[in-house]
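Let me give you the structure first, and then I'll get to my questions.
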Amino acid sequence: MSRHRNPLLKQAFRPPGAVPVNSEPSGEPVRITVIDYDATHFEEKIVEKISECFPFRDTETVTWINVDGLKNPKIIEDLGKCFTIHPLIIEDIFNTGQRPKMEDLDQYIYLNLKMLSYLDDSKTIKIEHISMVIGHNFLISFQEDIGDIFDPVRERIRKEGKIRKLGPDYLAYALIDAIVDNYFVVLEKLEEQVEDLEEELVASPTPVSLQKVSRLKKDMIFLRKSVWPLREIIRNLEQSESALIKEPTRIYLRDVYNHTIQVIDTLETFRDMVSGMIDIYLSGLSYKMNEIMKVLTLIATIFIPLTFVVGLYGMNFKNMPEIEWDYGYYMVLVIMGVMVAGMLIYYRKKKWI
Amino acid sequence: MSRHRNPLLKQAFRPPGAVPVNSEPSGEPVRITVIDYDATHFEEKIVEKISECFPFRDTETVTWINVDGLKNPKIIEDLGKCFTIHPLIIEDIFNTGQRPKMEDLDQYIYLNLKMLSYLDDSKTIKIEHISMVIGHNFLISFQEDIGDIFDPVRERIRKEGKIRKLGPDYLAYALIDAIVDNYFVVLEKLEEQVEDLEEELVASPTPVSLQKVSRLKKDMIFLRKSVWPLREIIRNLEQSESALIKEPTRIYLRDVYNHTIQVIDTLETFRDMVSGMIDIYLSGLSYKMNEIMKVLTLIATIFIPLTFVVGLYGMNFKNMPEIEWDYGYYMVLVIMGVMVAGMLIYYRKKKWI
Amino acid sequence: MSRHRNPLLKQAFRPPGAVPVNSEPSGEPVRITVIDYDATHFEEKIVEKISECFPFRDTETVTWINVDGLKNPKIIEDLGKCFTIHPLIIEDIFNTGQRPKMEDLDQYIYLNLKMLSYLDDSKTIKIEHISMVIGHNFLISFQEDIGDIFDPVRERIRKEGKIRKLGPDYLAYALIDAIVDNYFVVLEKLEEQVEDLEEELVASPTPVSLQKVSRLKKDMIFLRKSVWPLREIIRNLEQSESALIKEPTRIYLRDVYNHTIQVIDTLETFRDMVSGMIDIYLSGLSYKMNEIMKVLTLIATIFIPLTFVVGLYGMNFKNMPEIEWDYGYYMVLVIMGVMVAGMLIYYRKKKWI
Amino acid sequence: MSRHRNPLLKQAFRPPGAVPVNSEPSGEPVRITVIDYDATHFEEKIVEKISECFPFRDTETVTWINVDGLKNPKIIEDLGKCFTIHPLIIEDIFNTGQRPKMEDLDQYIYLNLKMLSYLDDSKTIKIEHISMVIGHNFLISFQEDIGDIFDPVRERIRKEGKIRKLGPDYLAYALIDAIVDNYFVVLEKLEEQVEDLEEELVASPTPVSLQKVSRLKKDMIFLRKSVWPLREIIRNLEQSESALIKEPTRIYLRDVYNHTIQVIDTLETFRDMVSGMIDIYLSGLSYKMNEIMKVLTLIATIFIPLTFVVGLYGMNFKNMPEIEWDYGYYMVLVIMGVMVAGMLIYYRKKKWI
Amino acid sequence: MSRHRNPLLKQAFRPPGAVPVNSEPSGEPVRITVIDYDATHFEEKIVEKISECFPFRDTETVTWINVDGLKNPKIIEDLGKCFTIHPLIIEDIFNTGQRPKMEDLDQYIYLNLKMLSYLDDSKTIKIEHISMVIGHNFLISFQEDIGDIFDPVRERIRKEGKIRKLGPDYLAYALIDAIVDNYFVVLEKLEEQVEDLEEELVASPTPVSLQKVSRLKKDMIFLRKSVWPLREIIRNLEQSESALIKEPTRIYLRDVYNHTIQVIDTLETFRDMVSGMIDIYLSGLSYKMNEIMKVLTLIATIFIPLTFVVGLYGMNFKNMPEIEWDYGYYMVLVIMGVMVAGMLIYYRKKKWI
């Protein structure tokens, strides 16, 4: 669970709207890229000083400011002031433990969601907090780390695709779509894990497999918490009465809404499968126990009576007529043979052997 | 699960509205049939070139274009352009992993659903993606493979049935009805499987039966995902305010809606039964274990004390008076007989034998 | 499950509104009774030819036509044509696997529901499909077999009760009420079965009881499917805006609605109880196993060490001083006595004996 | 379950609105008390003849008629006629198996609910059917048996409390509140039972405790069925548009609504706890089994090899060199000592001892 | 459970609106602090006599009266009279078992909620009942005990923060936010407990761990009951049409609403994890049992046949040829060696060793 630490806790006891003071600006770098475009015009640059972004506020072209890295609160606060973003929203941008939500503030729409990526080395899922502020002529996006998930969208803007003819609402859709598409990659990886584990459980159930089940279950719970609210957010966006969401974009939002439902459906399927695994594990243990007990019972019930018989003629009584008989020994061997045969027939009938 | 691969994944990372480029036009063929009819007129042909369909767009008769096979994206794109279908819809037609959905775009209604068929050889369920575009005077349907499920509908059109007097909305109903009717065939086969498995579990529970339970459970989950959304789709179609759905068709849609609910009800019943199976399996194992342990306990508790007794008189002590007695041996035999009788009475009382 | 075969399957692949052609008119008879009444007038007869009913269509008195037996589709089709009943409704009347539903077609209301009766011989529940068509001055009811469940209603009409002063809507209520009242009889029988089974499970759990649990569970699922939709149907009837349902009847419909909820509540209670039974069965097995193992462990752990001791002095070593001692034998007996006593004290402390 | 017999069954097959004819007027007595009051006036009497109540119908003061005992249907029918109560309502008053419900009939509101009381002797919960008819200047309440639960309310009326200034709606609230307050007493008793049982299950799980769990579970189910509908009833009363419910009473109804939710919450908590009990029982059995098996395994695995060793030197072969050795016996003893020590170390390592 | 005693019970049988009479004014002290402020003005004092608060009622500045301790009903009743608070609300303030609720009474809004704090010594969660009365220019808050949770809010008022410019609705938000922030601290502690317990269950499952699971489960149930209603309360507050909640405060309420949902989500996750624990415990027991049985079976099945063999040659028959053979003893040893080897190979193949 340690990789799912609750970052909201650290934020407790601060006044609302306050940014974290102890996050020193040094450490990890912050990368700010600005893309400004309309149907005919295109400009892209990586800015050093945040104030370079401000002039774009007043142009009619679409401006996409992407901030990678949340370690420098000063920059983000300045940006917030320039674009008159509510202090609570600024706080939400930093609050990486925040549940996905959408907030319509007339002048702009704020939404945040979770980006998932599967780390092959550690077989864990990395969760990143992504925020977007959608205005009438700008979109500001915030990522926790420097990443390349939005590169295909940039490429489409550069290539003068349909995206150049539409506003920041369509850009927001394109970014959400890129994130949701990535969910399917994570699901594929999870599916592999689920199937491998299922085979392992049937083949050789050990407490280690149980721990894997437990871990997988927690991952599922966590993913669910990240993806479920997204559904409602996209629905709200699509049905929003805000003038910021234009009509032609709505069908695209419905499309990504359907993808989200598909992600949720698949997650629920996995959950169902994982939650049945502990029963499979228990059944496996029970079946093995039965097998073990059958062997024990077979050996014990055949030899224990025989041992009694040979013990019987091991007694030292003075007066034991059988002992004196010439063929007593052979007779006893025959009797024991018959006993074994009877037992074996009985067990065969019971289908134990 | 491998037969339920998630085709949406392949589609990730493509811009919205793009058709798959790597699907080469060769390989599997595409069959396009056109049926054009009204109350008095009837024309049917298999077209070679897609452009042969285009003239039908502007006639007032009902035109049903059925495309079997999705391997030639060019054809479908051309058809889309001719009938001014939104690129996202074209994408959905190709996206065979798409969840059933309905989209009302004023000029036409798009809907897709899943056709199920049971393959007797492999005892698996085949799932096919079916799309329909319903316009005011045309209906275009798309199937993944060449199939004969719509033949009865064609026959009814040829026979000048009531269907000839009604529009594309009734034709859409007839196609949906044909698909839903087929669900009952699949359910019947599933019911057989469920009942066979239930008997097997009670008669001889082995890990193989457990694997069958697990497979069946996955099939159920998958069917559920295919059928549940259909319910809502048909409901929306029936209550749609679109002018494309005429009043007389609504009662038929309510009828097929009721059939869908019946399918869902039956699926839920199967799910209930399958989800209880693992408990039956565990109970079976437990009961067998009890039986085995009873036998072991019976044999062991009878012979272990006897073995002690005979061991006692196998000791080599110089001074053991019983050994010298003339009837010592017989006395010991009698004592052991009494012990066995006592044990048997005790077990009889406990109802173990 | 075989007694719950899905009759809808047979109906698949027929065009909508078609009646079953293979149902030959011979075989089981069809009984048609007509009761025509108003506050002052009363007429009752069993008709031979269906056309005898037609004149009643145009009188203002309430006419109740009851058709027992669905084996003669011709009769029902003729009736349908005379009273202008939609072909889909006619199909629903035959479709005995149909889920209970209500359809308001302005001119008349169609509803179907399930009649339950408990067959004491086979301890099974018989389910019959009942349909009603409620018009402004007539009610046509259809039963699968000839039955006497509606006799009390007939009696009340003959006796000039309040029913004579009210219309077909109140008659429909009276019929529904008669059917729902009968549900309680079935529930009472089920309750007995549930309680008997519960006792059996605690007293002597065997795989046979498990099969009974499984069968009862299926019965519950099936009843649920028959009764749940009824609730909604009666609710819709009561809140219907149709002019066919008069104000004074609504309070009676609310009353029967409450009875339906009570039936559902009771069914849910039974379901809860039955679903807990498999756990009781497993617990019973576990407890028995514990008892068996205690006996085995007791006997084995007492005698195995003793057997070792007597084996020890059965060794044939030349030099074993104890063997030669005069009181060696008695000493060994005393040692063994002490061992047994120690064991018994230990087990007493563990509360095993 | 026998104390929860379904009284509705007896009522089946009677025409709606009919009172039970076989309930002879003799047997248990019926007590009728009338309290008539307004802010300044107060009158209280126990009436012998029901007609003494009738004059109060036409006064403007609040009249509370309380009927204890339902064994004399004649009295209640007369009362019903005088206050023009619908025959179905009269039937509901007698129908003690009736689910709690509320019926707004414009002239008056009918509601019934369940009174619970805990019988300390039998440790069972007694359920009584209470009905109320609330008119614009009267309230008639019906109880199954003569009870004293409404005494505090009477006392408050006598003491000229706030209740004197308000109408029958507030009186109804006061009665409901008295009943709901009593639920908490029953819950307290149940909580004790739940906790005692939980301790018993951990300390000494036997089939008897399992039966107690089962009984408690049924009680819970039954209480739930009595209390759940009440919630909705009070909600409906509070939000009712009926002129019978005055504005100042609504806040009191919201208050008792909150108490009902609290009762339901507590019941659900108990249900959760009881439903987990069977798992605790199973775990207890499993743990005990493990303990037993450990002892058996310990003793058996230590002594069985030793018994083999002593058996080995009990063989009668002519040529066995070890037998002849002077210290053979002691050597064997040492070997066996080492074997035991090895075993013990192994088990210690496995944490079995 | 005893720390979750239901305080509502004590309140039963009192007339509505009555305060507890047996709560003697002595005992625990009551601390009343008053803070009066607006954008420019600030005054803070601890009052001795409740009447000192009354003048603030008529000023336009925001007045926050905080009452710590509910042991002196007189004070609170006086306060209630001065601010014309409904007697039922006064009762709710005392009723510490009350479920969180909100009541809008036009002149003021009443709400109560639960404050949670984790007591490290006893590892238990302390639950405190907090009430607030929000008027147009005042807020009165009531705590059960003297606490310091509101100190950060006081500090912010003193420091002339934004809170000084806003009304009592924002103050209410600030207090709720302080309480909800504290929930995260409790959740963090619970998370630790859950993880520790999970590890314990896998490492060494004993009945003690089971009791811990059971206790944790109850804590979860209890927390859930405290937090769930809060969600709805804050939602209602945010969407309230009351003039007491100003527009600028709503976004803050939405923010704390999101935090509440996050608390609920986390609680549900814990519940999921805890509810799976009993299965892990059972699996652990089963696995251990398997291990034990493997050892027993291994030892028993190897040595029981050997013991039979040595017993065989311990028989005292006169005529046993093998006994006389010179190498009979060695032959038997070899035979036994082969038997052991065979067994070991068999078990190796079965993967038991």
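To keep things simple, chains are lettered A, B, C, D and E as they appear, and every chain counts its residues starting from 1.
Following the convention adopted for this analysis, contacts are C-beta pairs under 8 Å (C-beta built on N, C-alpha and C of every residue); 3 or more make two chains touch, one makes a residue touch a chain.
Worth saying up front: this structure is predicted, and the values here are computed from it rather than measured.
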Path length in steps (a step moves to a chain that is touched) from chain A to chain C: 2
Superposition of chain D upon chain E: rotation angle, C-alpha, nearest 5 degrees: 70
Same or different contact residues where chain D meets its copy chain C, judged by the half mark: different
Centroid spacing, where centroids are CA-atom means, of chain B and chain C in whole angstrom: 26
Chain A and chain D, separation of their C-alpha mean positions in angstrom: 42
Set of chain E residues in contact with two or more other chains: 282, 286, 289, 293, 296, 300, 304, 307, 311, 314-316, 320
Overall pattern in which the protein chains touch one another (line/ring/star/complete/other): ring
Complex contacts: residues of chain B adjacent to chain A: 1, 6, 8-9, 12-13, 15-17, 86, 88, 92, 97-99, 101, 103, 105, 204, 206-207, 210-211, 214, 217-218, 221-222, 225, 278, 281-282, 285-286, 288-289, 291-293, 295-296, 299-300, 303-304, 306-307, 310-311, 313-316, 320, 322-329, 332
Residue ranges of chain E touching chain A (in the complex, touch as defined): 152, 156, 161-162, 174, 177, 181-182, 184-185, 187-188, 191, 195, 198, 202, 251-252, 254-255, 258-259, 261-262, 265-266, 269, 272-273, 276, 279-280, 282-284, 286-287, 289-290, 293-294, 296-297, 300-301, 304-305, 307-308, 311-312, 314-320, 350-352
